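Chain nomenclature is as follows: A, B, C and D, assigned in order of appearance, with residue numbering initiated at 1 for each chain independently.
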């Protein structure tokens, strides 16, 4: 017996019996209480959408993707299930807890995989295959976890629909339609290359407007620090078990020393005392910076500014090496990498290298003190 | 200095300085954690939108409405502020706590008004006027609280956008454009009467598909009972102070005797053992029913079924008397009530009389016992 | 080899080889030059959509409908082809020429059927079955030509998208999902009855706002008269062969005596000297009216007004008898007519009885003369 | 007395008295019969939108833009009027006739200006100022005719809405909101730079998917040739006076020698025998190509292929020199060119240099002959 769920992005999403059983577990229902974009709703107040919706959306999109590739029914089912479960290990507020956990060597994919194991009995596909897909160990798994995948297609559309920032309107129909299997690899027909290019530019615009929005970064940084403190008292494992609702109540009661979470709950945010584009920082300074921990830097700046070190937060970008896109395009019978033949793709890659700015944040009434201190610090590196 | 907030329904919403100050208070920020439709997201998983967004939307729509009426700047500002604040008194999960509080004689408008008083110092308009508008004591206040008002226009669009049920797509531009003041009353030009009619049918379809969706009713009923129990221990006032996040944590820990809230948190819902359309119940039976409390009826049915009375919930509709719509339409210079001249309006009114069904709900494995017991009970009334 | 066409309402529409061949014929390509709503773009300037698009949309929707019913592949193909071809017989400006032709006993369905015969060789289904579906002679044909059909679903969405009047936003996904075959008849599951009801109210709102918009009626009436004159000279058959582009050029050159078409081409429209709601006309007067031809009435009024009879146009509604809706709904295993169990459906039916007003139209500078003449005429009937 | 027109892109568009009078002229009503994208509807069948709608949309957007800049009422009115009239000189099928006329030294802006002169009496602003704006001679005129202007904002949204290709979804609200006047120049606040960047990428995607779509290019080329022949017989002036409807009828009757227009009317299109990306052609060959006329090249290829020269069409791109964008952005008080500070903007500019391919087109059954002939020709240049 199948089941239909109505979604404001995709319309009806059909679930089979096993998928329905998975959705009905407590561990999956928990995702209803984890917002997809953490505290982004402090900036875009309509963005209250959850990992629960997103997971259903990825299942749905993965299934359509699989249909277009013409894989067999069983593989399609593995991909749908992996789409459904790929985020089940997320901690509270999505990425903020993920970052904190990663510092302690805990990855949300691993937590997801542990939870998949516990659901093994009710899955209609192999738990091992699902885990391999989630971990990115299968070529076909790129349907769910690749550079052009169901995950990304769902979140761009969904984040766009819910934030109200319309840059995420991508052309999913075309992307899926031009996908095929060629020599056991996923390739896209060059005829629809604009659809791929437009996904890349859409994502770039969403990163700049939403994911790396200055105020969102500040809230995120405050939250990371609050969660970090919480972990010291309660353990990372305990934190990752919480949902947003429970985390809210516990963080509010626990009251970290500098009250960062209480500030967040009433949207009393730090301000940027300094912002500097990464590419404007000289190479040697950047290396000097990277040699220090954020806490060390905060201490130095706070001491220069003559304020409590708790009142300074720094945001040091770790520029990712330019990676090639793992997307293959077929043109006149020949298969090549997307960024080799698309100048749009290669310039998006280039631009993405330096999107994050270096930031120094503090309470509004300390800005006047922190600003010069931060500048001096940077100059004397 | 004004401030812009991006909303996925209305685009940019502009806030003036006083409005920004109000939004930045802790009491208003709390609305970020109260979902507009309570547990409706258990049925429509994209419906996680909040009273916070809705309140901004009502402010915005009230302002546009006021512009079209041509009221003076100060009155417009009162209407915007009342729109912003009209729901500030809401308890957790919106309507469920409202219903429980009302049984104890506490109305959310009164709570809103109390909170308005506390904000008096930062308002750029008279708190008294705002309260009068919220209480529906001013003719011009119908912009915010009438039969065709900013509140309703915002929630129909918003609930539609977020549930994905597209029946709420109303024609706000026309409705607002045809509104004018005539002899100190709000009237609408007959030329755009379809826009009014379509709002009425849109609302009717949303009621049937969303607000009175059977599964939503069951969840709502379970939640009401859980909150009711909670109030007995902790007081209504304490309950109304909570937001959804806090209520979730407290209800989960407090664990009501029959575990209704824990069930809700994992979406383990009661099922309908019996549904009966109100109009199919004979008049005398209906009166007999209305003479009893829900608890009494539950006891009788549970006892007949041989199960614990905690495992039966009844939903007895209280049919509202057919009211006239308080909407005036101007046709050929003459002002008349909308439902006098629009056959669509009058038939919508007629249909709305009996939308709620009588329902008897219980855990799935008790349905076989409760069904005959409930039928017998109804027959022997 | 299949073919994809991008449509702004449905996204990609897939055509098989036979369908592609049909679309590529000159007779089908002609539909690109016939606007779906005739002169409605004089009122809603974005409404330039064509019978060509609509026909593709009906094919697509009919296919989805067929899938949901679970009919066999061949029947599905017949329904798609009938959807594609159902309007191929349309004359210029869609309904205006249809009306004129009907007076001469020529129906566009018959013209469509004749054209279907000529395409027989390239069809992958039986031309006879396609014609039967178009003529409404098959129960399964209600997918294309019934009270809830692919034709109506496409045009409501399309007319809404292109006029910008958002009342036509119907819930096609649900309507199609709840359709099934029961004892060889199409029935809809009661669980989704709101989707049916909302289609009915959507259509009602579209009729009032668009199809029977006063200015559209006037333009339509002027065009009918111009086409009527044209036919007298050139024959109905010749007229029906034209597309909008050719009709425009011929009508402009031909120049009817009162220059009605030239007026239309520069949007110099008649005005309403009198409008009267049908239900406000006494029964006996209505019968007296129905006994006369429009031309006779025009002559009388023109003569009373002392102007040329060519400068008066009357629009006499022919109220349709209230018909039962031919839509079956299945509730608790029992099949009943939709308007028996849905109060919304029955009241929509009731309202639709009298949507058209009686109108008397003339050039703007004759209104003052025609108005009293028309009133007198009506009173002395 | 103002007037409201409903548009499917912008909702209500309000026209003042003078604007209404302009719209009601025969010369403006003619734009109802000129499709915005010429024969693009042969590829995207929903794209039947007209210059009429677009002109209203530019008026509306120019007005909003002017409001945001804070210019005075009279200047705003000039900008609205120029927006309304900027395309009034367009010939049939928009760009195809424009290209043909340009070869004869006739520019549609000049024709527009001539028509503006004739409307002088009914304008509420100076005809001279309107003409200067249309000709791009005023800095403030960049609101209507610049690199980020009302024209482009309207057509991107409109072409997207009507083709169904969703890449044109730009963020007009933000673009307009961040515009201001600084030292008598239009500048945009850097805070919203993503909105500008996203307009540039949106346009790039639309160019690739729609404006330079291969099949559209072929149809366009066929149409240009048919119009060119027509002009030889009837004069350019006569051609430019036609609308699409008249041009259709005349071209069909006139029957150019190779029947190109008749082919278009039944969508019997040439195919590409050869396509070559401009950047893959060696510089010297490109120069050799540019030295010849299209007709010369066609003759050579046709002769090599042994077919009639009328059956070959070549499409030789004329690569535009990379221009700087004329868009100013204000960041930290300093005004700079957009493409200096935005890597996205500069890479879009770079990509736009070589979007057009060299193409050789012929009837489908000649492709086998023309392909080798065209290759040989290119090689022996």
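We adopt the following convention: a residue touches a chain if its C-beta (ideal position, glycine included) is under 8 Å from a C-beta of that chain, and two chains touch if they have at least 3 such contacts.
In this text the structure is predicted, and so the values were computed from the model without any measurement.
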item	value
Chain hops separating chain C from chain B, counting only touching neighbours	1
Numbering shared by both copies at the chain B-chain A contact, with half separating same from different	same
Pair exhibiting more inter-chain C-beta contacts, A-D or C-D	C-D
Computed distance of Cα centres, chain D from chain B, in Å	50
Centre-of-Cα separation between chain D and chain C, whole angstrom	34
Distance from the mean Cα position of chain D to that of chain A, given in whole angstrom	40
Contacts with two or more other chains, residues of chain B listed in rising order	11, 165
Overall pattern in which the protein chains touch one another (line/ring/star/complete/other)	complete
Residues of chain A that touch chain B when the two form their complex	5-9, 11, 24-26, 29, 32-33, 35, 41-42, 44-50, 52-53, 56, 161-165, 244-246, 248-250, 265-268
Residue ranges of chain A touching chain D (in the complex, touch as defined)	165-167, 169-171, 194, 197-198, 201, 204-205, 208-209, 343-344, 347, 350-351
Partner chain B, residues of chain D touching it in the complex	4, 11-12, 173-174, 177
